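Order as written gives the chain letters A, B, C and D; numbering starts at 1 within each chain.
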Amino acid sequence: MEVASPTMDGQAKPTRCSKVTSLQDAARLARGALEERPELCLGGLFKQGRPVALVRGLLAAGADGLHVYSSPGAGYDIDLMIAAGAVAQVFIPGVTLENRLCPNFRRAVEAGQVTAHALDALTVVGGLMASAHGVPFQPIDALRGSDVLKHNPLLREIDCPFSGRHIHAVGPIRPRVTFLHAQEADRWGNLRHLSTMVYADQLMARASDMVIASVDRIVPEEVVLDDPSRVTVPSHYVDAVVEVPFGAHPTASFPNYAMDEEHIDAYADLGDAARAGDAAGLNAYIARHVTGPESQGDYIEAVGGSAHFARLEAEARNG
Amino acid sequence: MEVASPTMDGQAKPTRCSKVTSLQDAARLARGALEERPELCLGGLFKQGRPVALVRGLLAAGADGLHVYSSPGAGYDIDLMIAAGAVAQVFIPGVTLENRLCPNFRRAVEAGQVTAHALDALTVVGGLMASAHGVPFQPIDALRGSDVLKHNPLLREIDCPFSGRHIHAVGPIRPRVTFLHAQEADRWGNLRHLSTMVYADQLMARASDMVIASVDRIVPEEVVLDDPSRVTVPSHYVDAVVEVPFGAHPTASFPNYAMDEEHIDAYADLGDAARAGDAAGLNAYIARHVTGPESQGDYIEAVGGSAHFARLEAEARNG
Amino acid sequence: MNSAVSPLEQMVVVLARDLADGELGAAGAAALVPMAAIALARELHAPNLTVGGEMFFNPEPGRLYPSMLDDRALGRCEAAETFIELFGHSHHGLGFFFHSGLQHDAFGNINLHHVGGTLHAPKMRGPGAANLSYCHTSSRFYICPTVHSARNFVEKVDFITIPGHLSGPAAKRDAGLVNEGPRLVVTPRAVMDFDKTTLRMRLKSVHAGNTPEDVQRHTGFDLAIRGDVPRTRPPTDAELRVLRERIDPSGALRA
Amino acid sequence: MNSAVSPLEQMVVVLARDLADGELGAAGAAALVPMAAIALARELHAPNLTVGGEMFFNPEPGRLYPSMLDDRALGRCEAAETFIELFGHSHHGLGFFFHSGLQHDAFGNINLHHVGGTLHAPKMRGPGAANLSYCHTSSRFYICPTVHSARNFVEKVDFITIPGHLSGPAAKRDAGLVNEGPRLVVTPRAVMDFDKTTLRMRLKSVHAGNTPEDVQRHTGFDLAIRGDVPRTRPPTDAELRVLRERIDPSGALRA
């Protein structure tokens, strides 16, 4: 990450710095930044392209009191962070596993342990847009009639200087750290999403102070240079990149591997049990998958080993 | 273009409508729309990816009093439109052939025949953003100290509701018609830019009432479906698409053919002569290249035939 | 063939018939039934219907997927967008959209935030919702929960996540809701629409195997049943054949 | 080798030396000299200098092109962006940028709009300029016209397209220009900088083949020449070799 100091005479010529780092170093980097300002943003959407290995790394490194943002929908990862006690406030409009509710999110909010703000997609996207564009606010003119408007902490009513009408505005959302997951990157940190859907990843990268990405694999820089239009997030926006096999698990990294619905369901069952008073299974899950593994290899073994992941790879190929 | 009327019983089943049309029909469509509101916007930038065949078609179909927008820089095409007497107002921040000034632009502005507004890139891009996003204005906070601010007709000073500071805002720029040039499209109007740079083409498509695109070739729809991430402008935004060989000439359509610098230079010499009082050459140029050709084939012959264009193709390949 | 029509298949067919050729629309979050309805309409009478506004255009999946937030469910779509373009679509609006929630009330308002308690001290916290704008920036929307009970059809929702007709025409006007709002409520039991004057929900037709009394018993407010209630027009052979052969070969709607 | 150094090569070397490793910067419109300067800095001492902010990142052309608005001039770049991202960069600012115009004045203001007359009744209408923001949102900028004459270096520009130091520190402060603004003016004849107190331009060094008197004669305002003016440090052998072999093999800077 360190940039060599400039030399004007060409004598002690510095070399271009790789942004490739380890999962542990990336987690430490993020933890340090989040201690300054606890605003963390997660890429992907629901069960696709979520930077879960980075989340586990951060939880293992120790983090608490986080304010968590995301593209407007999240499930497993935010629920896991809440289960691990790392979250104070949730700024995500939709929190669900899609086919069922998020058990720890529900429990913690109902117990008053976590504040879940009532928000909507346009507020979050608009706030990220304001930050990415470098302007003090983004006008919004499509929110009416919802009780969310009465509670949304990020929104203000303004008078439109052009039409005179009452509209809304959101100030910049500038995450201190954003975690992204992409399929490929070169060592300079140019990211390539090979998935069809990229959601808000590019916007978040432009809106954030620090961006750390996990990728399925680091590719030679020639791969990037041969097709610059395929780069979704230029290196300029990226501070560190980590090669993590199955780093989005249990969410999907299409076209490489599918989401692990069974894993997420089993996790949710443990969460529901914890909500009903029996936290032993959930605690064991966290020990086994989050705090226990010393490496992604350990994690892969804990989940079910290479045969298990071969099945997820096949599911991504075969639909 | 016509959408078949709905039938609920599945009896007289309509078929999906192709958006492919002829250059003449596209020009007529544009002319009709611009008679309602004369705001035309041109894609590409300077000598790359400009929809020049559509411009020639519109000039041949007859158009005047146009207000012309563009990505923030234009040269040959706006100068040609002015030479043909079609333009009343220019809303383009930079008007130049890059290596020399635009002769007819210069002449017409100096003679008071055309109003060339003092603008900047952020005003134009911001106005297109406001229109694309559907909001009543776009805040801008990066314009200071320039005399352009004293004259820019699209900009207003507003009080930022968040910071209290004086900033700027621009209302939506919503072109009645936008002409784009892309390398490929399918018959439904999904555009694929194969050039590295796409400039503001996507933004304009989202900001405009009507979008008409010329492409180097129509490709089978399977080409689009096999790689949806390559589609730069989805069919939803496109009203008509025309296959026009060398439709961007004399500007470039990379990677297929390079800009024709010699053609543009010869044109500019004729423009300079007209500015000095001898308009015969310029008038002959317009008759030969704009009003004369009955088809793109005629135009290609007028410019120099297939051997000439083979050279531009080779230049695009070899740099 | 019709004898085996499932409640979800009946829902799909009712919704598909109401979508017109040339429209732009999207499926919303609970996508199984809406996506099937859109696909059926495109196959039968609306080939120029564009699926768009949710970051993908015209997906061509080989089968139905429960979530569209899955690259596989897009199959070979025509184009991909991001949340920035969705921000624009949300303002410009669509032709139609679909919603469902934890609670739906007599005016078509939908709650996804909490049941009981308050937002920050809820008895039961729901998932919330991502996009609140399409319900009123779009020309109309459909309410299509896959459960219809007195628990999720209540007189008044505890929290209005998605505004329907609020408390009627005056409230709707005051809130600036200028479009149609919810047009139809299509459930596994019946079809409801809204009284033009009061904008209260009323029973429109009941699906095969249900009586108006059944439907009323499973609804937490008065459905304004007056006289005979027609039976929902069942799927035609053509509708069912296209649905099962081309759209839902894996039988997700019959599971 | 040094004996054949061209004025443009001298300009490139002066500019390259002032760019630091790890910076983000872009070349502006008249790109030949700035792009060569950036490329030379990246080769010699600034491998972590990122070229960005103008819709492409880190182009690797095989030779120099007069315009960067040419896919060939990007060669194999690392990424492409659009004007929306440029809008963001324009607000966030860069480390450095480059400008030149029809007229440059004693305070480093630049005119690209008109010479004589008024904006809408100009004697001579110039091209205007696309991006007016980088000159003050960026940390600093360089002025580097390839012509240096009493016609394009004037006491006061007829129109301020690109603000430099306006009329000095007070005007700059009043206009909200908080960054450094123009740092160096590098022409085929000489290098100028700005007096720290008054922000007026002054002669800093003259290139080989020029005298301070020559430069003053070709400048339309007083260059505050006091005592000896140093000679611009000519390119080193290493600078010239890298420039000619790796950056400008076609000799565009010597044409």
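We take it that a residue touches a chain if its C-beta (ideal position, glycine included) is under 8 Å from a C-beta of that chain, and two chains touch if they have at least 3 such contacts.
Just so you know, these numbers come straight off a predicted model, no measurement behind them.
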- Task: Could you name all chains that are in contact with subunit B and with subunit C at the same time?
- Result: A
- Message: Looking only at C-beta pairs that count as contacts, which pair of chains has more of them, A-D or A-C?
- Response: A-C
- Message: Need the CA-centroid distance for the pair subunit A / subunit B, whole Å please.
- Response: 39
- Message: Nearest whole angstrom, what separates the Cα centre of subunit A from the Cα centre of subunit C?
- Response: 30
- Rounded to the nearest whole Å, what is the centre-to-centre distance of subunit C and subunit D, using the mean of the C-alpha atoms as each centre? 59
- Message: Touching at least two other chains at once: which residues of subunit D meet that condition?
- Response: 56, 74, 77, 80, 84, 87, 90-91
- Message: Please output the residue numbers of subunit A that touch at least 2 other chains, ranges allowed.
- Response: 134-135, 141-142, 196, 228-229
- Between the chains shown, work out who touches whom and classify the graph as line, ring, star, complete or other. other
- Chain pairs in touch? A-B, A-C, A-D, B-C, B-D
- Message: Under the definition above, what is the set of subunit B residues touching subunit C in their complex?
- Response: 3-10, 13-17, 132-135, 188, 190, 206, 224-226, 228-229, 231, 234-236
- In the complex with subunit B, residue positions of subunit A that touch it: 134-142, 156, 158, 160-163, 165, 167, 169, 171, 196, 228-230
- Residues of subunit C that touch subunit A when the two form their complex: 29, 55-56, 61-63, 66-67, 69-72, 74-75, 77, 80, 82-84, 86-87, 90-91, 113, 117, 119-133, 136-137, 159-163, 166, 172, 175-177
- How about subunit D: which of its residues touch subunit A in the complex? 17, 20-22, 24, 44-48, 50, 52, 56-58, 60, 74, 76-81, 84-85, 87-88, 90-92, 236, 238-239
- Message: Help me check something: in the complex, which residues belonging to subunit A touch subunit C?
- Response: 45-48, 71-73, 92-96, 98-99, 101-102, 105-106, 109-110, 112, 115-116, 118-122, 125-126, 128-129, 141-148, 151, 195-203, 252, 254-255, 258-259, 316, 319
